[in-house]
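Heads up, the next two complexes both have subunit A, just with different partners, subunit B and then subunit C.
And then the complex of A and B:
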């Protein structure tokens, strides 16, 4: 699993990256009440808006941590947005992206580096 | 996170010790939430008693010759008719009939009029009142007082343990009494739609009173996040969002604040516009909306009719913890302001179904008689 400074996590199987937000991010957001996930076929570049996650108080954009084509949004979050709080780094994933360049994944932080980053905040 | 330019309330250390997330609000560093988060804090207040620090709000005494009649020069309320021990919601009007701020004004004792205004507006409000009423009365700001709100169905039982007299008050009563061993100004009111009190106390006593109330198992500290979702469910407008200097009380559905006596006398700022609107109607009106599908519609989202024509804008909105769905307030033409009217809210470019809904969204539970 790799991480971004925007508190997203990414796992890679073959050329398919699964993207979600970290437990830290989920805790910071508070109770998630709505998630807008991308539709399959959407092309994204690193830093593009990928999804929107809403708490009682505010809407937060989730940015694509890697470039590629979305092959699936997590439809399960439609009826159960609280999954993002309950299992942020498992069932609470947002989207699967067929990545264009594996080097983008390799360049992200590993868990140790992310933990160090959290300590620095 | 800290910002040297932000003011702090007398309860700043208590908030930080309680694990609050502090944010800038109205020039102050204020708790937006504590450890439980907005959802739990909101629901706790609806079921138990929530304690809020609202010391950023402006407290003042209007003193001098005939402060009640003087106050009528800047508001459309019947303050000459305000009885001792009572409080009234009112609005400060500009000469064009726009709302400079909304406020509470009370006669808790014989010392003039006790006024509480919004934190973000207080410097401007008090200057306007002082300038407009110069020579008759003066504003004495009570900078050395904190303001707490205790809200929820258990608030009355909790406060009765510390201030038995508070239990004898009803909604919109206000009294200067000794509570917690301090000089307190207590009113039975609030900004959540629940029964509850606002408690003004000397700043030097604030932390002790705060901790005394929190020692009660029925009470938890509640941040500004839940304060906002609670007032939204209660249908109460938020100054600077739902109402501002361009909005009249008639448009804002606050015409109840324009008293019968004053309507007849037409002797308040902006009376020409407001009288015309009362007689002939308005072109936009504040309404409640229930969002029937999709994401919460927040401030700035457009409102469209079923044909897709933009007819208005959302002025505040979010997710209702009590109802489990998104709700909002916004302005639409009167023809579309009827409860049950089907509209669209445009969120991130997508039209979502919404329906005009009578406010409050969650029934008020004020104690109007004992």
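And then the complex of A and C:
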């Protein structure tokens, strides 16, 4: 699993990247009450708005950590946004992206580097 | 994602109501109140109606098959229902209401008296213009004052609120760009400390929003602004004084850079009350600014629905102003209603009619009762009161920007609560027990655990002292380890902490009688 400074996580299986927000982000956001996930077929570049997450205290954009084409949004979050709080780094994923350039994934932080980054905040 | 690490817990905590209980479960004069549909059965009525001249047969197939489901209450039942509801609210007429960024100032009763004059209150918007010359004259005078106070050549009176005014301003900007062959500009720059309505308005108009960074002393980062002012930028939206309660000291440079890049300068006028009579936004390079009449000119918040958010426009944007507006000519005043002739470039209309007359009368009464010197003192007293609070509370709380004076509101962060296990939210809830409405909290987002206090100019020194004494006592209790006082607060409110999470996840937006085992009236399904 890789991480961004914007608190997204990414896993890679073959050329499919799964994207979500970290446990730290989910805790900071507070109770999530609404999630908007992208539709399949949407082309995204690194840093583009990928999804929207709304908690009781703020609405935040989720940025695409890698470039590619969205192949699936997690439709289950529509009725159960609390999944983002309960299982942020598993069932609470937001989207699967068919990755264009694997090097983008490799360039992200590993968990140790992300933990160090959190310490620095 | 952008982190908003200024969180506040929003789950309810166990209520620990203690003390005396009554035999019926009532709490003295603090009465619980049911929905009006639960109070009155649809099978009774509070008034006797004379039989009509027509009967149901006139309606043929359109006759209603089931009762309409309206509650039937007698007059005292209806009056008591609404009075009880009103008693559950805090109000500016009850106590100081220090909600920062909202400017909860007193609504002078003189304004109310003027607004109730039959010549204003009983008008119909479609009345022939020859019969409403007094009202049109008042609108013309109000427009004159607004233009004079802002140093701007045009004003659109019709927008119904601040956010509606933002929309009006951006539509004028878009129209101007399109007329000048600059319709390709798609970006609006907004500082991180902006009111949430600014990016929302820009997005609503179809622009994409780019944030401008803030400096350590709470102002727009002019270097970042300059870097982001590309040929794609249509406008910037800056609040001045800003939401940190600070004057943007580089505002003239902000205007110059913006114009140099071919963009327009929209100023969010929410905080105009801090500078009215002292600074004319037109002199700062502003192209469009809304004026919340309820903030600067003391009309009631919400205005009894709707409010009023007039928009002043620079010479560059004036040709694109929406209809209608008042002009004086031979034979009196008239409303320019059509976007033809002299208004040919106007972008259209913001509302069906001319705006909220009741708010116009109140705002104009406020202007006349203060005079130009009095309005200047409004700004001075608002700033003085906020600085008094900042100075009095700084020994026990931590000001977010300690250097230099603030404008009309004092901003504190939660550094001083570190190690107490008490959050900004807990502290705010405890203020309710002390008889004050909480301050604005967790806004602006750029300050951790923000507490934004705006006393307004209408509070006396006596009241400010009472407020500061209460907050000082609370702050000392917080630092002294009296955690329960805060975690359980409010103890002395009709309801304690509410479940905001469930309210957002599973809102109940309709009520159906059969939910309660009451008469099954045919209301709309959810």
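By our rule, the second predicted complex is superposed on the first by the 121 of 121 C-alpha atoms of A that agree within 3 Å, B and C clash if a C-alpha of one lies under 4 Å from a C-alpha of the other, contacts with A are read in each partner's own complex, and residues count from 1 in each chain.
As a convention for this text, a contact is a pair of C-beta atoms (placed from the backbone, for glycine too) under 8 Å apart; a residue touches a chain by one contact, two chains touch by 3 or more.
For clarity, every value in this text was computed on a predicted model and none was experimentally measured.
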Subunit B versus subunit C as contact partner of A:7, first or second or both or neither:
second
Quick check for you: in the superposed arrangement, does A:56 touch first (subunit B), second (subunit C), both or neither?
both
Report for A:33: first if it touches subunit B alone, second if subunit C alone, otherwise both or neither.
both
Using the touch definition from the top, say if A:21 reaches subunit B (first), subunit C (second), both or neither.
second
Spot which of subunit B and subunit C makes contact with more residues of subunit A, would you?
C
What part of subunit A is shared between its subunit B contacts and its subunit C contacts?
30-31, 33-34, 56-58
Would you pull the subunit A residues touching subunit B in the complex into a rising list?
30-31, 33-34, 36, 52, 54-59
Quick check on the complex: what are the subunit C residues that touch subunit A?
1-11, 442, 445, 500-501, 504-505
Subunit A residues touching subunit C - in the complex, by the definition given at the top
6-8, 21, 25, 28-31, 33-34, 53, 56-58, 60-63, 81-82, 121
Residues of subunit B touching subunit A in their complex?
32-33, 37-40, 42, 225-226, 228-229, 294-296, 298, 318-319, 321, 326, 348
